[in-house]
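This is the structure I have questions about; it appears just below.
The chains carry the letters A, B, C and D, assigned in the order they are written, with residues numbered from 1 in each.
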Amino acid sequence: MAAQHIVSVSSQEEVADGLFLLRFRSKQIAQTSLPGQFVNIRTSDGFAPFLRRPFSISRVDGELVEILFNIVGAGTRLLAEKRSGDTLDVLGPLGVSFGYRGDFDTALIVAGGLGVAPFPLLSSWLQREEKQVVSFIGARSAYQLYRLHLRNPQYATDDGSTGAKGTVVELLARYLDNHRVTKPRIFGCGPTRMLQALSDFAQKNNMECELSLEGDMACGIGLCQGCPVERVSGHNGQKKYALVCTEGPAFQCRDIILS
Amino acid sequence: MAAQHIVSVSSQEEVADGLFLLRFRSKQIAQTSLPGQFVNIRTSDGFAPFLRRPFSISRVDGELVEILFNIVGAGTRLLAEKRSGDTLDVLGPLGVSFGYRGDFDTALIVAGGLGVAPFPLLSSWLQREEKQVVSFIGARSAYQLYRLHLRNPQYATDDGSTGAKGTVVELLARYLDNHRVTKPRIFGCGPTRMLQALSDFAQKNNMECELSLEGDMACGIGLCQGCPVERVSGHNGQKKYALVCTEGPAFQCRDIILS
Amino acid sequence: MAKQSFKLRDVEFNNRVLAASGTFGYGDEVKHLVDVNRLGGIVTKSLSWKPRDGNAPRRIAETPAGMLNSIGLANIGVHNFIDEKLPYLRQLQTTIVANIAASSVQEYCDVLSLLDTQDGVDAFEINVSCPNVKEGGLSFGTNCEMVREITAQLRALTKKPLILKLTPNVTHISEFARAVEEAGADAVSVINTLIGMAVDIKTRKPKLSTVTGGLSGPAIKPIALAKVYEVAQAVKIPVIGIGGISTLEDALEFLLVGASAVQVGSINFVDPTAGPAIAEGLAAYADKNGLHDVGQLVGAMDSNIEFSVLQSWL
Amino acid sequence: MAKQSFKLRDVEFNNRVLAASGTFGYGDEVKHLVDVNRLGGIVTKSLSWKPRDGNAPRRIAETPAGMLNSIGLANIGVHNFIDEKLPYLRQLQTTIVANIAASSVQEYCDVLSLLDTQDGVDAFEINVSCPNVKEGGLSFGTNCEMVREITAQLRALTKKPLILKLTPNVTHISEFARAVEEAGADAVSVINTLIGMAVDIKTRKPKLSTVTGGLSGPAIKPIALAKVYEVAQAVKIPVIGIGGISTLEDALEFLLVGASAVQVGSINFVDPTAGPAIAEGLAAYADKNGLHDVGQLVGAMDSNIEFSVLQSWL
């Protein structure tokens, strides 16, 4: 269950150019995290920045929790400066997990850029559930790809410097043309434009598809109403918006309208 | 002449409990600083805190400049975290120096608490001028006293844990009762209450006395008018206030009214 | 141990630190993270007659030491509140203040009348920073006579404590405070958010879907403190101080300038335990300073300058 | 290289970044630290007829991402300005805007008339955030008719660009902007400081000797941006944006919402080279974006929502 933890950083690595892997020790978070959930981290004990920063729980290793991030602004810059032994104020695990259980045989993981973050954890859970997993990983160029704990990884880069040239959704489409997959379920995370393309593809081929969203968040715990995503009208009652932090970040693509 | 310098920290030591000595390399500041002048340091490249923080130039050693400080709030806390190799944005040297030259034989240095900061530099200049120097150093208790580069140091602590028990001004008075001092000039720096007592003592015994003041500053360079000290009316033209940053921090005690 | 509680009419608050409207949901979202009974009270998200979806994304933008929001008063509506939230709130040991928003004077009256009959609703806070549809969406809160009128009508409908929450986006907030005091309000909450905006340089679009939004957080604390001081000098009814309060020191500043209680808002998003921590800090501070009642700090600022000259020669 | 200069009447400014009044002294204090000719202009400290000592200490208090000041318009007076400062300013290659403060309409007129005859004074900015002695010290700036009157009288006295600097401490700043536009002002500067205060917990005294003071710095940027947007939508004369501008991005935000130029204030205390750096940043940004004139950014925000609805449902 979500709680506020003062944890100690156990390691900080720049695993690829501009891509940071931070590990912190938290038995509770490690043991209770479900794939697709996130933590909300206070990057400064002052007010610069004021708000916490949300990060997907990328992987769990014993009592260690891993997050994967790149430097966007003030908060991630401060986070990248954390060193082993520093303490961190972490709220989590938060949010609704991916549907890693249930009626499907093959998980098709589709990640764009930093969207890979939540999938190492998902893969390990899919493994326990004895699901087939194929991972499609897209990035702007090779330097951003770092070998993750993902099964059957297929790579796509905008410049073709690694794997196929083009988008990861095109890569997925080609794969499905050439391979027979039984009872697939797509799991997607990445930039909105990519999620949009993935959602269109999945619905056109009416495949099950879950997307993990990133919206601006003030609280991450349902207090501020600041993180709405539009629902497909009529669907799930008549509320127009769902909250990404408490009703997501993982959603069925057919339930939501990406903007 | 005052300039904005991006300097590199060369060392940071906690020389006494809660007392920090930071050294940075700046040929220009080292070579142009006069005793009593200060530097205005940006402790964060963000806005927390927003304003620079002023510190007396404590000592100069080749191209190294030393400041001595204790942790008061956010700015000094950040400053204490600086490590060798970190860069620092420093404006200086700023302000008007002590009257280290001129018609006196014996310099009586009177420092309360962190007021010791500017005196190592002053002492070295007095040495060149071949002045006699006696240093009176007061602190709340022994742990705050750290052996400075001061000549003929006499100590006073509130609790008597080191040197005489009582205030540093009492210590000075006793010293003058028992010693014959020719053509003295007092140089004082410390908490306002102590400066007040010192000023009263000097004027009662009409001795020359210069005080270095610490007022809140926004800019340190005469732009904001934020650092006034009241003048003795009539004195030095009819302006009611002087600016501590550009007309001080060193003042003749008879020219100003401490509040 | 110093007395912490205070009263509005016959309603007692455990202590002088409440959770501000819209920053603590309906009190149940964080029950696992914080013991809400350690708060002096919980002010609910603003409730309107019908559920409100709220504004389109983007609703939040961070700013230096603060944040902008344009939630659009998204709320479940007063009926769902009574059915889904009140049963939980009713059994808490803290005071429940229902905050009401509306787009017409009638709607204010309807929502309050319905809630007034509900056991578990201890007091009302009226959010007048809402658009008056009759006036083409201009905020009720910037029209002094309108705020007086709302107060008078609501006063006639309830014997429970009636708190008017004032907007800072006016020239003389004390005029509004006097008006609601005359119209029978039991207290005023000062302040709601300040109008602000931010632009995304990359897209050249406003960061918020509504262009402007409400600024809150530590950045506005000095403004809020001045408004609370102005109001506390102008009226006799208690003032509840709000605006950027994040630490014990912040809360002390507000009490010293004349706030009888405070509300913590945006800081809840960063640390939902801030409210109880501040409440306990106040009690400890009072003890350390030999006070028998935290209330002795209210208006205890040491100053002989009254407000009138305060706008001079900035 | 994109065009950087802009004009008010026939007075040309090198670029669209000026140093704000009271944050850059008289331009000579920092001549060794920064090449002031790289600024679009220098707005002087407010000048009154007689020298003013200013307020007693303490005049400055830091706040989250900002600062409070109660300098009290300490200045050397218009005569000393002409004798001691103007000779230096006159020979600069940047535009000199004399900012005027006064405690009566007559004093505004006297100071302006005297300066109008002076070679080297290129334009005027009128600070109306001053107490009107006739009105018991209430600020001119919060009285719309008074601001209109001051503008009209000063307009009659000068052919040089006349800029009215508005206070944000009013309900509808656009009413004031319209009034001064009608009265003949060539431009408006938006905004002056917001009223704020801070209390020293240890002494329980206000941090500033005047209790309240003016809040400035990054903390107020979102408020200033909203005020500039409101005014730019309301008037046709140029708007000069002021408030917390510290970086190129900040300046871009103000241009995008409709500011024709900006002034940098408090950031000068932290980095007196910020103004020129921002000016050069704007030129580089324009080039990178294929603009032939920085002015093409003015009002270029991509939004179709006009101001009226902006106060809704915060």
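Details
Operating definition for what follows: a contact is a pair of C-beta atoms (placed from the backbone, for glycine too) under 8 Å apart; a residue touches a chain by one contact, two chains touch by 3 or more.
Treat the numbers as computed from the prediction; the structure is a model and nothing was measured.
Under the contact definition, chain A and chain D share the contacting chains B, C. Ranked by distance of CA centroids from chain D, the top chain is A. Chain B and chain C, compared by their mean Cα positions, are separated by 47 Å. In this assembly, the C-alpha centroid of chain B lies 36 Å from the C-alpha centroid of chain D.
Computed centre separation for the pair chain A/chain B is 55 angstrom, with centres defined by C-alpha atoms.
Touching two or more other chains at once are residues 64-66, 69, 71, 217-218 of chain C. Contact of a single residue of chain B with at least two other chains is seen at positions 47-48. With chains as nodes and touching pairs as edges, the resulting graph is complete, every pair of chains being joined.
Chain D makes touch with chain B in their complex at residues 22-25, 29-30, 32-33, 45, 51, 53-54, 56-62, 64-67, 69, 71, 74, 217-218, 246, 266, 268-273.
If you check the complex, the residues on chain A that touch chain D are 47-48. Remark: chain B residues 44, 46-48, 74 touch chain A in the complex.
Put simply, chain A touches chain C in their complex at residues 1-4, 42, 47-52, 89, 91, 215-219, 221-230, 239-241, 246, 259.
Taken together, the chain C residues at the contact with chain D in this complex read 55, 63-66, 68-73, 101, 129-131, 136-139, 142, 169-172, 192-199, 201, 203-206, 210-215, 217-223, 225-226, 229, 244, 249, 252-253, 256-257, 300-303, 305, 307-314.
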